[in-house]
Amino acid sequence: MKEESNRMFTHKTLKRVRYGETDQMGFLYYGHYAMYYEIGRAEALRSLGYTYRALEESGIMMPVLEFKSKYIRPARYDNLITIVTILKELPANNRIIFNTELYNESKELLNFGETILAFINSNSRKTCEIPAYLLDLFKPYFN
Amino acid sequence: MKEESNRMFTHKTLKRVRYGETDQMGFLYYGHYAMYYEIGRAEALRSLGYTYRALEESGIMMPVLEFKSKYIRPARYDNLITIVTILKELPANNRIIFNTELYNESKELLNFGETILAFINSNSRKTCEIPAYLLDLFKPYFN
Amino acid sequence: MKEESNRMFTHKTLKRVRYGETDQMGFLYYGHYAMYYEIGRAEALRSLGYTYRALEESGIMMPVLEFKSKYIRPARYDNLITIVTILKELPANNRIIFNTELYNESKELLNFGETILAFINSNSRKTCEIPAYLLDLFKPYFN
Amino acid sequence: MKEESNRMFTHKTLKRVRYGETDQMGFLYYGHYAMYYEIGRAEALRSLGYTYRALEESGIMMPVLEFKSKYIRPARYDNLITIVTILKELPANNRIIFNTELYNESKELLNFGETILAFINSNSRKTCEIPAYLLDLFKPYFN
């Protein structure tokens, strides 16, 4: 049904595994996945016509509150990873929850996880609501 | 009670936040915590008279299966972080679960989380049991 | 003149500055430029129809012997950096010299430098000549 | 002779190579050496009773102008590296030049290099002289 297809926001972007990101097992080091998730979030926002940079310049910071990741299959040097960034629900309660899935060129799921970020007013350093213009960009995906 | 004090293994080590680990918010970047957890695990093992390096040279690899982290307060440049590494139960089912807590110089909890690692035979690339000599190092803490 | 235009090999690729790569000055941390140089080299090779990955799988490693970098202007968060990778002469003496230049969206030079890498036989761990098929890929640019 | 022993400033600190810093060659990735150099500089300053953090809070930033590094022998996982930080001459012309040498446990030289940093006034973003109190800390080593 149309309605169901419009109940989440999904975005895909690509990133190649670099030599400096591998470890001596020959795998993408487990600590680098957080950067892949960040890239997915930044490009998801850009695809909506906005940027995290503009958000920060407008006086909003988004520190991470929680990060979870499950490692299914290793990513290896030079793999071209598809980063899928998913918003399953509209942001509420001064925070936003992104789901991320990583796939290799064979469309095998390598890793998935969740990142929860707060909206913080840079001046007061207190949590705040998601800016209305940002919320409006997500709304069409959740009608 | 004696029994309770011997129902887990706890280890502490220190690491200073470096400039290259900060981000433009002035915080330790959320992706670097995985490395702090790794340092805690490696030093915990060393404190028992063994090393992860020796384990790997003996033919066992320990890839990460799952990583979770909650960010309570930001860590900042030059903070001397206490990394507390905790084993709440003896490894079983071909895996080991480490809990990690990070504190600043004022003993404030900054971050805590959990890492689950598998035991893998380097040759067969299949999961295997924890080596007996490694299990024996942990046993005295779980009588 | 045609002859002059064919006296070097030049390749361009893009990379965006990520949040985790900034430091608390708000600049791309000086230690991350080496990764940008690596990306430039890997993509330059790929543009010739070969990959560093295939080279390594064929039994050749290319450890870095020397790295130099001059920082002219800071790169900032979300800047889309053009990485220019230049080979000024054909590889000789078991090594290859890459020059790298980084530019921002305003075509301002941010950084430039040089990386010297050795050709090493993975088995013997001794230096060796550049493989003939790789040299052949570069030759048309140096007639 | 006494005079000669007092013509440079030298400081040593230790850092262990972590798993996330290795690459699939099994070596410390060439891009991580810049962080080792940074650690050496920060700890050298601390040994004199000052910190880079305090310097920055006082309104001085020290961006890197130039970085050079020669890789002699690979550093490997779990190696305990001695970082030697050397000042061969008193800072002048709004900049400071640090030399760095890295040794393994067998006292073999692994890597050496040079970092040139500017003194910048954080407000004006213009170069400035080294603060007098910082210069005074170095002077006893150059009588």
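Read from first to last, the chains carry the letters A, B, C and D; within each, the first residue is number 1.
We take it that contacts are C-beta pairs under 8 Å (C-beta built on N, C-alpha and C of every residue); 3 or more make two chains touch, one makes a residue touch a chain.
Quick caveat, the model's predicted, so the values are computed rather than measured.
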Checklist outcome for this item: Larger contact count among C-D and B-C belongs to C-D
Checklist outcome for this item: Chain centres computed over CA atoms; the one at greatest distance from chain B is chain C
Checklist outcome for this item: Taking each chain's mean CA coordinate, chain B and chain C are separated, in whole Å, by 36
Checklist entry - In whole angstrom, how far does the Cα centroid of chain C sit from the Cα centroid of chain D? => result 26
Checklist entry - When you check chain B against every other chain, which residues touch at least two of them? => result 19-20, 25, 30-32, 34-35, 38, 77
Checklist entry - For chain D, which residues count as touching chain A in their complex? => result 19-20, 22-26, 29-32, 77
Checklist entry - Within the complex, which stretch of chain A touches chain B? => result 25, 27, 29-35, 38, 61, 63-71, 74
Item to check | Residues of chain B that touch chain D when the two form their complex | outcome: 16, 18-20, 34-35, 38-39, 42, 51-53, 56, 77-78
